[in-house]
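First chain A sits with chain B, and in the next complex the same chain sits with chain C.
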Partner chain A sequence: MKRIYMDYSATTPVDKEVIDEMAPYFGKYFGNPSSIHSFGRDAYDAIEKSRSKIADILNADADEIIFTSGGTESDNLGIMGVAYLNKDKRKRKGNNIITSSIEHPAVLETCKYLEKQGFNIKYLPVDKYGLIRIEDLEEAISKDTFLITIMYANNEIGTIEPINEIGKIANKYDVLFHTDGVQAVCKTPIDVKKLNIDLLSISSHKIYGPKGVGALYIRKGVKIRSLTHGGGQEKGLRSSTYNTTGIVGLGKACELGKIRLKEDMSQLKYLRDELIKNTLKIELSYLNGHPIKRLVNNANFCFEAIEGESLNMMLDEKGIASATGSACSSKNLQASHVLTAIGLNPEKAHGSLRLTLGRENTERDIKYIDNVLPDVVENLRKLSPLWDR
Partner chain B sequence: MADIYTEKVKDHFFNPRNVGEIKDADGVGTVGNPTCGDVMTVYIKVKNDKIKDIKFKTYGCAAAIASSSIGTEIVKGKTLDEAMKLSRDDIANELGGLPAIKMHCSNLFSDAIRKAIKDYRKRIK
Partner chain C sequence: MKRIYMDYSATTPVDKEVIDEMAPYFGKYFGNPSSIHSFGRDAYDAIEKSRSKIADILNADADEIIFTSGGTESDNLGIMGVAYLNKDKRKRKGNNIITSSIEHPAVLETCKYLEKQGFNIKYLPVDKYGLIRIEDLEEAISKDTFLITIMYANNEIGTIEPINEIGKIANKYDVLFHTDGVQAVCKTPIDVKKLNIDLLSISSHKIYGPKGVGALYIRKGVKIRSLTHGGGQEKGLRSSTYNTTGIVGLGKACELGKIRLKEDMSQLKYLRDELIKNTLKIELSYLNGHPIKRLVNNANFCFEAIEGESLNMMLDEKGIASATGSACSSKNLQASHVLTAIGLNPEKAHGSLRLTLGRENTERDIKYIDNVLPDVVENLRKLSPLWDR
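Showing the complex of A and B:
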C-alpha cells in the first residue's frame, strides 16, 4: 500500500544531501572539536561552518548561535538561563515572565517549573484563531517583567503570532524576548534583528535535519546562566562534547532550507490550501487556527461527532499518517490545551485532525486524502451515537 | 499509537460487530466517560431473561470502540444476571489486554450494558 506522510510537524525525514554532508563526520572526521590537533581542527571547522549557516537563516551573527540537543533544551536554556541570571541581579528587574497559553510543553512546563520556584508567570489568553492580543501583552507588562516568551508559530494549529509587534513591545519596555521558533524556521522568513528577537529556539528534526540536535540564538549582549556544568563548551553555556554529526546536519538543513525557502513556501501553501478547501466540503467540519496567519504546511480540522484517535487510526489503515489533539490520545487524557485555549469545548477538541505537509507531498497525495477522508469520517459517524441524521 | 493495541483490538476497531440501533429495544443504556469524553449507547432485546439481540453506537477512541464491539459479543445470549457481572477487566482480557491508560475506556461497555438492563427491568415492572 502507498503510504502518505502528513505529520511533518511531528518530525521530518533527514534530507539526502544532509545525510551525505554528515556521513564523513562519523568516521573520517571524528575528532573532538575542542582538541588542539588536526583531527580536532577538522571537526572544529565543520562546527563553525554550521554555526554560520544557522545564523544565516535568522540574519544573526555566527557567534550568537549556541548548539543544544534540540528544541526542548533550547527552550529550557533560553528561558531558565535568563530567569536564573535575573534572579541574581534582583536589583534590575522583578520576577515576572509573560508567555502564552498555547506554548509547546517545552515552554509551558519550563514556566510551570519556574513558577514553583517563586517566579511569577502570566499566561496570555488567545483569540479564537490562537493569536495573542497585543493590548493584553502591553497590559500584562509591569516593572517586574523581565522576559516575554511567546512562540513564533504554533505546532498544533499553525497560527503565526504577531512577532513583529511583540518585539516592539519588548523593546519599548526593555524586556527580553524569547521565541520558540521550532515550527517557524525554514517555513517563513525570519530576521531576528528586524523583529527585535533576543532569543530563538531551533530544532533540527523539524527541518529535514537529524534528531537530537538544535540551537539557541542569543543576541549579542544578552546574558544567560548555563544549566549544564562541565567542560565549558559553547562559551561555558552548554558543556558537553560537540555532537559533530548532528551539528553538521543541522547546518546543512538550514543551508538547504534557506535556498529552498521561497519554493517550499509556495508549494506547501498551494497544497495546504487545496487540502483545506477539499476537507471543508465535509459536513460539519471546521478549520482550526487562522485562515491566513498560519504556517504554510499546517491544516487542522475538527469534525463533529467523531473522535481524533479513531480518525488517526482509520487514516493510518489507509496509509495516511496524521495527528490529533484528542484527549484519548494524550498521556494525561486532557484535550489539547491549544484547542481548549482557542475556545473549543472538549467534545469538539476530541474530534481534531492535524495534517502537516512537507517537501515530499504532492498534489496526488492531496487528491488521495480527498478520496479517503470523507468516507472515513462518514464511517466513524455511522458508529457515533452523537451523529443522528 | 496503533501498535500499542493488540491485533484483537484492531480487529474489533476496524470491523466492529453489532453496530447500530434497535428501534423497538427492550432496554437502552447511554453512558459518557467523564475521563476522556467518550460516549456509548447500547440497545438490547431480551427473551427468557437472556440477551437475544444487542446493538451499539460508540463515539470514542479505538479502545472504546473495540471494547464496545467485543462486549456485545460476550453478552449476546447470556442471562441478564451474567451480563450485569461483566467487568472492565473481563473486556480487557478478552481483547488480549489494553494499554494501562486506556483501561477506563473498557468501563464504557460494562457501564452501558448495566444501564440498559436496569432500563429493561424498570420497564417490565
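Showing the complex of A and C:
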C-alpha cells in the first residue's frame, strides 16, 4: 500500500544530507568537545560551526545560541530560566508572566507549574482564528510583568501570531519576549533583531534534523538561570556532554533550511492551498485557523459529526498519516485546548483533522487524499449518532 | 602519526553495530512515537524494545527505566526529583541528603544547588583510595535523611564504592539510594535488586552508544517529580519528543555491553594492569585510586613535579589522547576535587594523568605509551622549577 506522511508538524524524517554530515561524528570525530586533545578539538570545532549556522537563520550571533535536548527543554529553560532569576535576584520588577491560551504544552505546562510556585500568569484569549489581540496584550501588561511568552506559530492550527507587534510592545514596556519558534523556524523567515525577540526556542526534528537536540536563542545581555547542574557547559547554562552528532545535524538542517526556504515555502503553500480547496468541498467541513496568517504547511479541518481519532485511524488504514491535535496529546482523549480556545464546542474540537505537509509531499499525495478523504468522512458519518441526514 | 585514544571515560566512539541499529530510525522509521498512525507505532515499538534492553543489564524491569538526554540530566532528575517531591509533599522525614566529596559535578553541583534551596547536604570524606567509610555513612544518617547519592565508581580515579554496603544501610534506615552509574555500567556487573539501589543514572556515550541520550532507573514505587513540563511523555516525568535514534542506540549499546561484559572486563583489566606496571617504573610516580577496587579500564597517576595539563598536551603531540581530571573540568585550571579529597596536595593534584582504556585499545598501544611516556615526563621535569635533581 502507498503510504503518505502528512504529519510533518509532529516530526520530520532526517534529511539525507544531514545524515551524511552527522555520520563521521559517531565514529571518526567522536571525541568529547570538552577534552583538550585533538579528538576533543575536532568535535569542539564542529559544534562552534553549527552554532553559527543556527544563528544564521535567525539573524542572531553565534554566542547567542545554546544547545539543548529539544524544543521542550528550550521552552522550559527560556521561561523558567528567566523566571527563577527574577525570583532569586529581584532584578526585574514583579512576578507576572503573559502567555496565550493556545501555547504548546511545553510552554503552557511550564506556566502552570510556575503559577503553583507563586508567579502570576495571564493567559491571553485568542480570536476565532487563533490570533491574540494586541490590545489585550497591552492591557495585560503591568509594572509587575517581566516576561511575555507567545508562540511564533501554533502547532495545531498553524496560525502565525503578530510577532512583530508583540516585540514592539515588549520593547516599549521593557519586558522580555520569549517565543516558541518550534513550528515556525524554516517555514517562515525570522529575524530576531528586527522582531525584538529576546529568547526563541528551536527543535531540530521539526526541520529535518535529528531528534533529541534543540537550541535556545538568548539575546546578548539577557540573563537566565540554568535548570540543571554539572560540568558547566554552555557558559554554565546547560551542563551535559555535548551531543556532537545531534548538534552537527541541527546545524546542517538549519543551513539547508535557509537555502531552501523560498522554494520550500512556495511549494508547501501551493500544495496546502490545493489540499484546503479540495477538502472544503466536503459537506459541512471547515478550516480551522487563519486563512492567510498561517504556516505554509498546515491544514486543519473540522467535519461535522466526525470524531477525529476515528478519522485518523481510518486514514491510517488507507496509508495516510495524519493527526488530530498535536502528537504529544494524541494519546490523550481530551478535546484540544487550541480548538476550544478558538471557540469550537467540544464535539467539533474532537472532530479535527490536522494535515501538515513537508518536503516529500507531492501533488499526487494531494490527489490521493482528495480521492480517499470524502469517502472516509461519508462512511464515518453513516456510523455517527450525530449525523442524521 | 599514530593516534591512540585513551580517554574512554570522557567518551567512546559509537559501536558500528549501534550505528547500524540506529540508521533506519533517521529515515524509514522516523515517526513520532507519540503519534497514533503506523509511522508513530513503528517508533514506539522500537523505544519499548530499547527500554527492555536497558533494564536487562541492571536486572530491572522495563517500566523502571525512563529516558533522558544523558548522565547529567539523569543525575539531576534523580536527585532533584526526589528532593522536590520531599519538599512539596513532606512525604518523607526531613531535609537531609548524604553524598560523597568525590562525586561527578552533575551530582556535586546539584547538591550544592539544593543546599542553597535549604536542603542540608552531608558530604562524606573519602580515604586515600577514594573510598567512603561505611561507619561515616551510618553516623551521618539521621531521622531527617531521605536520600543517599553516592557514585558507583569514580570518573577520575576509578575507585568502586562499597555499593552493596551502602544499599544495606539505605535499606536499614529506609532512606532512598541513588547512584551515578555512568562510569560503572558495562564495566562491572550491576544488579539493582540485589544491591538495594533505588535510582541509577546511565549515560549512553560512555558505553559505545550515541551522545545526547541517557536513562534513569527508578525502582517501582519510588516517586519523583519532573524537572521540566510539557507533553507528558515518560509518565509525565520527562516531557519531550522521544529521541528515537538515540534511544535505539542506547538500547543496542546495552545489549552489546551485556554480551561482551566478561570479555571486555578481562581484556581491559589485562591492558590496564600492564599500563600501571609499566608506568610505575617511572621515578616518583604514583597510582591514584584503589589498587583493586577500581574500574577495569582506569589508570590514574601522579608524577612528582609535573603539571598535568602540560603532560596532556605533550602526549597529544605524540598522538596519545589522555586527560587530567575529567573532560568536564579539563578546561578549568582548578585542582581536581577528587585528588584533593584523597589527600593530595595541590601540586600533586595538578599533576595527574588519567588514561582510560576501551574496546579498541591493544597491547601495541600499551607498548607505545611505555615507549613515549618516560621521555615525556623526563623532558617536562627538566623544564620544571619543582624538579631539582
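Definition applied: the second predicted complex is superposed on the first by the 378 of 389 C-alpha atoms of A that agree within 3 Å, B and C clash if a C-alpha of one lies under 4 Å from a C-alpha of the other, contacts with A are read in each partner's own complex, and residues count from 1 in each chain.
Methods note: a contact is a pair of C-beta atoms (placed from the backbone, for glycine too) under 8 Å apart; a residue touches a chain by one contact, two chains touch by 3 or more.
Just so it is clear, the structure is predicted and the values come from calculations on it, not from any experiment.
Trainee: Looking at A:S310, would you say it contacts chain B, chain C, both, or neither? Reply first, second, both or neither.
Mentor: first
Trainee: A:H37 contacts which: chain B (first), chain C (second), both, neither?
Mentor: It touches chain C, and chain B stays clear.
Trainee: Just chain B (first), just chain C (second), both, or neither: which does A:S239 touch?
Mentor: After superposition on chain A, A:S239 lies in contact with chain C alone.
Trainee: Examine A:N155 and indicate which partner it touches, taking first as chain B and second as chain C; both and neither are also allowed.
Mentor: neither
Trainee: Who touches more of chain A, chain B or chain C?
Mentor: After superposition, C is the partner touching more of chain A.
Trainee: Just to be sure I read the superposition right, which of the two partners does A:N297 touch: chain B = first, chain C = second, or both, or neither?
Mentor: Neither partner.
Trainee: Taking the superposition on A as described, I'd like to know which of chain B and chain C A:P346 touches: first, second, both or neither.
Mentor: A:P346 contacts chain B only, not chain C.
Trainee: Let me test your reading of the model: by the given contact rule, A:S201 touches which partner, first (chain B), second (chain C), both or neither?
Mentor: Touch partners of A:S201: none, neither chain B nor chain C.
Trainee: Which partner does A:T99 contact after superposing on A: first (chain B), second (chain C), both, neither?
Mentor: neither
Trainee: Just which bits of chain A does chain B share with chain C as contact spots?
Mentor: Comparing the two interfaces on chain A, one with chain B and one with chain C, the shared residues are 309, 312-313, 316, 326-329, 331.
Trainee: Considering the complex alone, what residue numbers of chain C touch chain A?
Mentor: 3, 5, 7, 10-14, 16, 19, 26-27, 30-32, 34-40, 69-73, 75-76, 104-106, 109-110, 112-113, 203, 205, 210-213, 227-233, 239-246, 309, 312-313, 315-316, 320-323, 326-332
Trainee: Quick check: in the complex, which residue numbers of chain A touch chain B?
Mentor: Contact set of chain A toward chain B: 305-307, 309-310, 312-314, 316-317, 326-329, 331, 333, 335, 346-347, 350, 382-387.
Trainee: Touching residues of chain B toward chain A in the complex: what are they?
Mentor: 1-2, 10, 13-14, 16, 19, 30, 35-41, 57-65, 101, 104-105
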